[in-house]
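Common to both upcoming complexes is chain A, partnered first by chain B, then by chain C.
Let's look at the complex of A and B:
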């Protein structure tokens, strides 16, 4: 237990961190929210104009493309990572030999930054030098795989790259969870002669709710701030078909001299995140208390 | 630590003794001139500046946007560069409205800038009647580059009209070539649009659009242009998504594609391409008697200290010197802003531009207008070209944005 003197010491040590966090994270977040109500264009300007920036933002089809892409990408990325990650974790858990080898192989993409991932996938998917060209050279002349050049499919290529990068982490999370399950449960299930796959899907995985919560949280933040992989892979193109909110904010803030509208878009990103995360957090925490 | 300080002091003393003239603070110019020929351009300005007694320092960026963002951040942080190179026009208005620019009237008067450049060029160097920037180049944007060998192999003559151009594209396609080399960025697509608009309505329509005259949308000319631009899609290759302009340039030069629309920077910077007129040649939009131009130059940032101001004045005098501008323009392969150059000073593409300037109408390119104009063109064209919008929607988006 901390005595009162130690408590003072602890508080003193923490104060600088608290100040830094409040100033640089919360302070700047509040300032961004403030800027979204001002006339800021090329430079920050503190003249308040109400909701004009939001009206312009909502009238811009570019924003809606970017915003809906976030949901398409988010659903596929979070769902894909969790399903694939859990599946790989189960398979690894079943392995009697070579677990370390496969774990390293599946975890390896995570050690690459998303920029490198995006660039590598850009080369792989490029219709004139990647998969399409290789298959055509091999003899299938009519083979078509030009998703990266198609405004309808470009966003899915980003899902590929991000899945390849992110699945390993989720796999490790689930693997750790599976390993921590009490052996007695296994023994009991064996005695009841339940098939192995049912043990996993009806007994083990349902106990890993906290792992699932962690995974959804981690991936959710990845989705909202996804920027580097998009810039490296498609740069929002073709046109602006694979744009995402973070890139939109960057472009309006720094390249288009529209700080006000960029700030409004940033606020929309945070609001969306809160709207999605809060109910889920609330639900999970309530469950635990009961 | 003490020892280090001593060495530092000693070095400073030696340096200051070696300096022939009062030691100006360094210039610190931000720019995006990185290609070989552009580096040569910078060297010419630098030598002139140093011969006047300045101390040189510069920061290179990969593109204008990055150097603008950096200049802005450094200005807010209280340590701005003294000058930033960029296209003048929209950027200059943004900077000036933000209070970032220095009044250079005294320097301009002392060096007689007004007499050295034409009135229209002088206008782009000024904001609210005061000099805030030094226009050094005039970039003519609407070049059409052709690969002569590809055209010959497909049995096509260099086209003079839009109809001939489309026929040439069709012939190239059936001969197995990519007709039109184009990359994946919105500004490359917008440059293609420039050529089409000039073909449909000439300089008059182009200028009316860029200056926000919405009545031009009534007679259907813009719609025709949008229809024409879409008819070119079948003559482009699959690899265009996300491709940079210089990779696209390579397609034309290496004989994979016949035509390439790009600014003057495509002709320079690649010394190993060989001269114009060999396997490739350049022409201004053949189906229009018009030039789209963007003045390029240095904007002067509002610095505070007298030493900085003196260095800035010296740098301004150096880059506005007519002979220096001409030499730098020759190195860069573009035209100088000064009115004291003649066609005989140039060869290749810039010489053609000097000739054309005498007999055609010059209009300001979208990149020389406020940034909203460029955004409106780029957003609507890229959405249309990549199939995100139909012609009606793109037309409406463009009309609303301009």
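Let's look at the complex of A and C:
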């Protein structure tokens, strides 16, 4: 059905996208990777200095704080979203009435930006206005809950805020998965008199491996990219205790004028993402072989 | 039997209500704080209901809240965001729809390769684009302008819109296009009079996702927004964290609520499409 005139038109339509893909996406990414091997400071500079930026990056304590924060945050956020999301999906699936209402309540945070999320939680976690104050006024005078300003705990407040924003989508993914399971399984399990909670946890949820994998990938990418919620909630502080790679890159680019080192950190972000994707690719390839 | 049933139902509902409280708490404390006078915000608990209702924090947040530079409220930033989001959204959706049509219905090998590169590219962290974008925008002389941000959001909106439309158009039967070709319809005629009339649902999904994506953007807004006209999320973050003068929490929070309203309303009005779009993005992407 493709005659030559239509072929030309189809190609013309795709021209802007060809430019976007090769110049603005892949070209830019490769250029930034190139900058990580150069002497770029305030401005891009094309003088190559080998791996010096990486050596500086790996010798920088700040980087390791930011990088390990990503894993602490990632483990708790991904684990939390999946456990809470699956649990809420099961609860909603049990409901006979009010499903729409509860679903809306669990999902609405998703429509809010992560900046709004961070600022809202800043208000709740702020020791002079938030939870600490509520408990103290209620009578427990020595109650301390000052995680936002604590260098040991600030990263966990980011987990709270991000969980609040992200759980809804994971819940919806699991709910769709649960509802797609064949009714025959339910009938069979009923006949065998298996308790309802065991049907969910031993029969239904194990069948949702694809949903689980999708959720892990999706959340994993969000974790590596997370920037907004950190800036809005703690801005990486106190000091640099709750910094993350995405913010580190931004700061080294625009506030410290060390573009080369920032680019090296950005390349490390991509490397981490590739590490997340590998198990998924492995799974996909194995599934196709079977 | 009946007793057991009600006890379990009670347990189910209480678990859901407790979770619902967790999800509702932030919006509740922000709403009540935004309607309290400043002394009440300081003296009463954040969960307390306002005793003297006032809309002054909202008015001040809208027209006179201070950022690090001046005190014009968030109104100019709010409007500037729409000036960026609407043109960029229209362009990204138009290009994405045409791409989707070509990729799904005029299948060519190289178009599939292009789609693959686009899809993988959509996972690249945006940080990798910042420096080359800064250089490009300076060369084009549009750094810190509305035009610059429209261009950026159009470019990086294309992967999402292309994916949405391609995946939707693939589900339309090929016979539609074949029949139209038989009737002598041309390439664009087929798109506008056969394909487009079948697309309202996917257009709604795309409008919601792309608009809220651009509206909620922070990284590009922070990097490329001009200080006097920066997009809303960068502006509201700046207002709240600006330490100039006395912290007027009620006004700051009202500013956050105003910034949150457009996408929240969009979700409440068209949540169904929101969810559908995100699911498609999540599962297929």
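Points to keep in mind about this one:
The rule is simple: the second predicted complex is superposed on the first by the 266 of 290 C-alpha atoms of A that agree within 3 Å, B and C clash if a C-alpha of one lies under 4 Å from a C-alpha of the other, contacts with A are read in each partner's own complex, and residues count from 1 in each chain.
Just so it is clear, contacts are C-beta pairs under 8 Å (C-beta built on N, C-alpha and C of every residue); 3 or more make two chains touch, one makes a residue touch a chain.
The structure presented is a predicted model; accordingly, all values stated were derived computationally and were not measured.
When chain A is checked against chain B and against chain C, the one touching more of its residues turns out to be C.
When both complexes are overlaid on chain A, the residue A:65 reaches chain B alone and has no touch with chain C.
Once the two complexes are overlaid on the shared chain, A:193 sits clear of chain B and of chain C alike. Within the superposed three-chain model, A:151 lies in touch with chain B and out of touch with chain C [touch as defined at top]. In the superposed pair of complexes, A:113 makes contact with chain C only, with no contact to chain B. Once the two complexes are overlaid on the shared chain, A:238 sits against chain B while remaining clear of chain C. Looking at the shared chain after the overlay, A:20 reaches chain C, while chain B stays out of its contact range. Of the two partner chains placed by the overlay, chain B and chain C both lie in contact with A:129. Counting contacts by the rule stated earlier, residues 122, 129, 235, 254 of chain A appear in both its interface with chain B and its interface with chain C. Interface of chain B with chain A (complex): residues 65, 69, 72, 76, 94-95, 97-100, 184-186, 237-242, 371, 375, 379, 382-383, 385-389, 397.
Those residues of chain A that touch chain B in the complex are listed here as 41-43, 61-62, 65, 122, 126-129, 132, 146, 148-152, 154, 234-235, 237-241, 254-257.
Residue ranges of chain A in contact with chain C, taken from their complex: 1-2, 5-7, 9-10, 13-14, 16-18, 20-22, 24-29, 31-33, 35, 40, 44, 84, 88, 91-92, 94-95, 98, 102, 104-117, 119-124, 129-130, 133-134, 137, 164, 168-169, 172-173, 176, 214, 218, 221, 224-225, 227-228, 231-232, 235, 246, 249-250, 253-254, 259, 262-263, 266, 269-270, 273.
By the touch criterion given at the top, residues 12, 15-16, 19-20, 22-27, 29-30, 33, 41, 45-47, 95, 98-99, 101-102, 106, 108, 111, 114, 117-118, 121-133, 135, 155-156, 158-159, 162, 177-178, 181, 186-188, 212, 215-216, 218-219, 222-223, 233, 236-237, 240-241, 249, 253, 256, 259-260, 263-264, 266-268, 271, 274-275, 278-279, 282-283 of chain C touch chain A in their complex.
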